[in-house]
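You will see subunit A twice below: alongside subunit B first, and alongside subunit C after that.
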Partner chain A sequence: MAIKFEQVSFQYPSFDGKNFSALENINLEISDKGEFITLIGETGSGKSTLVQHMNALLRPNTGSVTIYGIKIEKNTNKNKKIKLNPLRQKVGLVFQFPEYQLFEETVLKDIIFGPKNFGVKEDEAIKRAKEVIKHVGLTEDYLGRSPFNLSGGEQKRVSIAGILAMEPDILVLDEPTSGLDPKGRDALLELFTNIHKKLNKTIIIITHDMNTVYKYASRVVVMHDAKLVYDGLPNMLFMDENIEKWNLDLPDIIGITKQLEAKLDITFTKKPHNVNELFELMKGVL
Partner chain B sequence: MNIIEITDLSFSYREDVDALHNVNLTIKKGEWISVLGHNGSGKSTLAKLIIGLLKADSGDIFVDGILLTEETVHEIRRKIGIVFQNPDNQFVGVTVEDDIAFGMENLNFDRLDMIKKIDEFSKKVNMNEYLKKEPHELSGGQKQRVAIAGILAMDTDIIIFDEATAMLDPKGRESIMEYIRELNKEGKTIITITHDMKEAVNSDRIIILKDGEVLAIGETNTILNDKETLNASNLELLLPLKLLYKLDEANIKNEKVKDILWQLSLNK
Partner chain C sequence: MKNIIVGQYIPGKSFLYKMDPRSKILALFILMVSAFVFKDITHIIYMLLGVLVILKIGGIPIMRIARGLRPIMILLLFTFTFQVLFIKTGPVILDTVLTLTTINIGIMILAIVVWYYTRRYIKSKFFYMVLVIVGILTMLSLFTPGTVISSSNLTIYEDGLLGASFIMVRLIIIVTLSTILTLTTKPTDLNLGLERILKPLNLVKINSEEIALIISIALRYIPTLLDEANKIMLAQASRGVDFTEGKFKDKVMQIISLLVPMFIISFKRSDDLANAMEARSFVPGNKRTRIHILSWQSRDTLVIVFCLLVLTATVVVRVYL
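Right, the complex of A and B next:
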């Protein structure tokens, strides 16, 4: 296992002495052999805190996170003896609005900044930049341009290219499609699917969009009140009776199918996965 | 009575391409209108022009009968409040009460009046128990509610919500939509800017922007029935609406099913 959480708890300290519990007794295993995981749950449920444990940006208060064989616990690395950089290279974290973090004069310089920090030689980093710019759906001539003259969507892609250039095995993205319209969202998700399939990387996406979960993910992890309450297949999740308690929506296709069944007082013979399948089922009963 | 009148409005960020081209729009007092369009369609630009954050290249904007110019922009801003997309970018106070007071301070409200209004409007958006809280202790939806309280305290006639729910989770989104509905019922003129048709169907009228131009404008029901325009809009159609169109194409006439799909399209 690339990443293993064992009984992990974490509290944010607070000035008034009442610590805020963000993770409670989390057990979770993640492989780096091409998983496509969505991490969901309402605001404040612990999603972002959880992913920051995946590359040792945060250390658990109790329990341990083992990342590529290195066990991270409360007091690990107080004396900086363990090198955490290799972990951070293997597990690439893309925060919300990564485009705000672009700062260099050219797209090329921005992309090679990360790899160079991890000790990659300049010409190798440039070689990688030419490669990754294609993986994010842009062309090589973007490398000479200023990142600040690009559209928001292009900036997002450049910042993701910068993480890809570090050649992580696991790519974690915190709400990468937030604020995008459906077309922009689908384009970005297709891009992640390509990276996932072609480069065989594990993708972990934090999202609020249940359509994304249903359409793209092979596995879904649900956080609720600092606890991990579900880890499994997306289509099983949406049959779970707790879904309302966890404040999760249904994907449109499931929600509309259920409402149609209720209002027409019928049960379709199977569960449709898209609008065409639902239409065929409807034709059958009309 | 028209509270906003926009005639032949054009604006460009760069010389070669118009972000908005020849937009004409009138909004009645007390109306709720949605500006619907994809990323880059010009919808946020329109909002910025209406509140005078950007200056039009050509065309006129009248708010409550007053022509928007450099001289009248401050007067006009007292009539329009705006809630932006990113809750973190617009929280300027140190605490919730501080943030609600910010707009009133700029308008030189009397101190006692301010205290009264903070109490009144924090209650209205259900944030009165959080007055001493700092922004990092609040969820995105709570921060947006604080922004709404600040605007209500300034008592503007018009409130613009510029993708104000786009970054919230479902619960946060629904709570903001509830407040919008209520404010509209109480007589505020509402402009919601969105790429989400699910959100737009709540309003009385919809204006669709595409590549800076008005593609369509009309009553929500009329727009939803206009299959050709919606297909041309590049927007993602609502699922029940797609089914409704498919039934039509297949020439299936089942009024009961059609009515159900129509109600579902309208979030009912």
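Right, the complex of A and C next:
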């Protein structure tokens, strides 16, 4: 297992002494080979906090997170012998808001910043930058521009490119598709799927879009009220009665299927993944 | 980062919270003036005790204030050292020669190295550092075998020591008093109070409302900006910036990677704030009505009278004693 959470709890400290509990007793295992995980849950349920534990940015208040054999606990940073930095190359984390990381004069410099920090030679890093900028749906012309004059969606893509260029084993993305147009969103998700399939890397995506979950994920983790309430297959999740309670909804295609079933008073043998499958199922019963 | 509590309101119930912000600001001002009127170390220590009593009655834990003082500890230490070294009047307390020899320079370096590597295991780092410095100085003056490399005189005079302590206590009093004000007053109340108190300045064409607004926005944004800085550090750390170590060149890069987003975000925030204010039809200088009406009560009068008595007493002490 590449990442293992054992009874992890985390509180954000606050001034008035009442600490805010953002994670409660989380147990989770993630492999670095071939998983496509979506992490969902309502706003404020602790998703971003959870992923920041995956590359040792935050340390649990109780319990432990083991990342590539290195055990992270409350007091881990006291011991300087443990180097956390290499973990951050292995587990690449793209933050929810790109403006927290962009700072160089040009997009190129910003993209090569990460790889150079991890000891990649400048020309190799530039080569990677030229690759990844295309992958995230921008052209090489963007490399010379200032990251601050880009639109929100373009900034998002640049920030993703900056992490991709580090070539992490596990890629964690905090709401990578928010603020993108539908086409750009699909293209990015295809990109992640490609990375996942071709390089057999693990992808973890935080999202609020159930269609993404249903279409791409091989595993879904649901957070609710600082607790991990579901960990399993997307198919099974959408049959769970609790999804109302967890403030989730159904993917469009399952919603349509359910309505059809109710209207026609039939039950299909399985749940379709896209319109074509639904069509086939319809042909079968009519 | 979380130690900086200036500008941070903490809810509570004591009389400090029930006071009118105007009276609190006035009282703070009067007491600060008193702190500056004192010239004698014993008197200002009485005042420090008085401030501690206020904290006690006001139900503010002293530890909170102590934590808030920590960031200015270095400043205090600097002032203290300079005062001690440069005031050269009054009786001599300590007169010694610091001698650097081939043997004790080795011990000194050893002590510094040991301190450097053990300091992270010690809880009160500050006292550990002071202890090591005092230890080294003592050794330099007393233990001097071997060949002398260089030596210099260290003379401490009574006035220097007293003066230094005096300034330290005065600074602590001032910071504590202002912290009490911001800890117990909601930013909105603080703003309103300031505005009312500065009102007379309108006569000389200085807009008190604007000044109050500027101050309250600045106070309001200190914690927010600290939070932002924290988030930026996390985002950069995930790209391999190790803020805890690095050579000087790396350090410069680390600071740039923190400051640039910080500036961009602050500008964006202030832009957003300006737009939000405009969208709510905020026009500087317009007449506005208030949700909260300040009410001056007898306890406020009492406090001000008391503070004025303190001030009078200090003046009397200063003039006649």
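For the reader, a short list of remarks on this structure follows.
What we mean here is this: the second predicted complex is superposed on the first by the 237 of 286 C-alpha atoms of A that agree within 3 Å, B and C clash if a C-alpha of one lies under 4 Å from a C-alpha of the other, contacts with A are read in each partner's own complex, and residues count from 1 in each chain.
Note that a residue touches a chain if its C-beta (ideal position, glycine included) is under 8 Å from a C-beta of that chain, and two chains touch if they have at least 3 such contacts.
Keep in mind the model is a prediction, meaning the values are calculated, not measured.
Of the two partner chains, subunit C is the only one that A:F103 touches; subunit B does not reach it.
By the touch criterion stated above, A:L57 is placed in contact with subunit C alone, subunit B being left untouched. Contacts of A:N85 after superposition on the shared chain: subunit C is touched, whereas subunit B is not.
When the shared chain is aligned, no partner comes close enough to touch A:G34: not subunit B, not subunit C.
In the superposition on chain A, A:G162 makes contact with subunit C only, not with subunit B. When both complexes are overlaid on chain A, the residue A:V275 reaches subunit B alone and has no touch with subunit C. Of the two partner chains placed around the shared chain by superposition, subunit B is the only one that A:G184 touches, whereas subunit C remains out of contact. By the touch criterion defined above, A:G137 lies against neither subunit B nor subunit C after alignment on the C-alpha atoms of chain A. Partner subunit A is touched in their complex by these residues of subunit B: 38-40, 85-86, 139-141, 163, 166-172, 195, 234-236, 239-240, 242-243, 246-247, 250, 252, 254, 256-257, 260-261, 264. Across the complex, subunit A meets subunit C through its residues 13, 15-16, 52, 55, 57-58, 77-78, 80, 84-85, 88-89, 92-93, 95, 97, 99-104, 113-114, 117-118, 148, 162-163, 166. On subunit C, the positions that touch subunit A within their shared complex are 2, 5, 8, 10-11, 120-121, 228, 231-232, 234-242, 244, 256-257, 260-261, 264-265, 268.
The touching residues of subunit A, when paired with subunit B in their complex, are 42-44, 151-153, 178-184, 208, 247-249, 252-253, 256, 259-260, 263-264, 275, 278-279, 282-283, 286.
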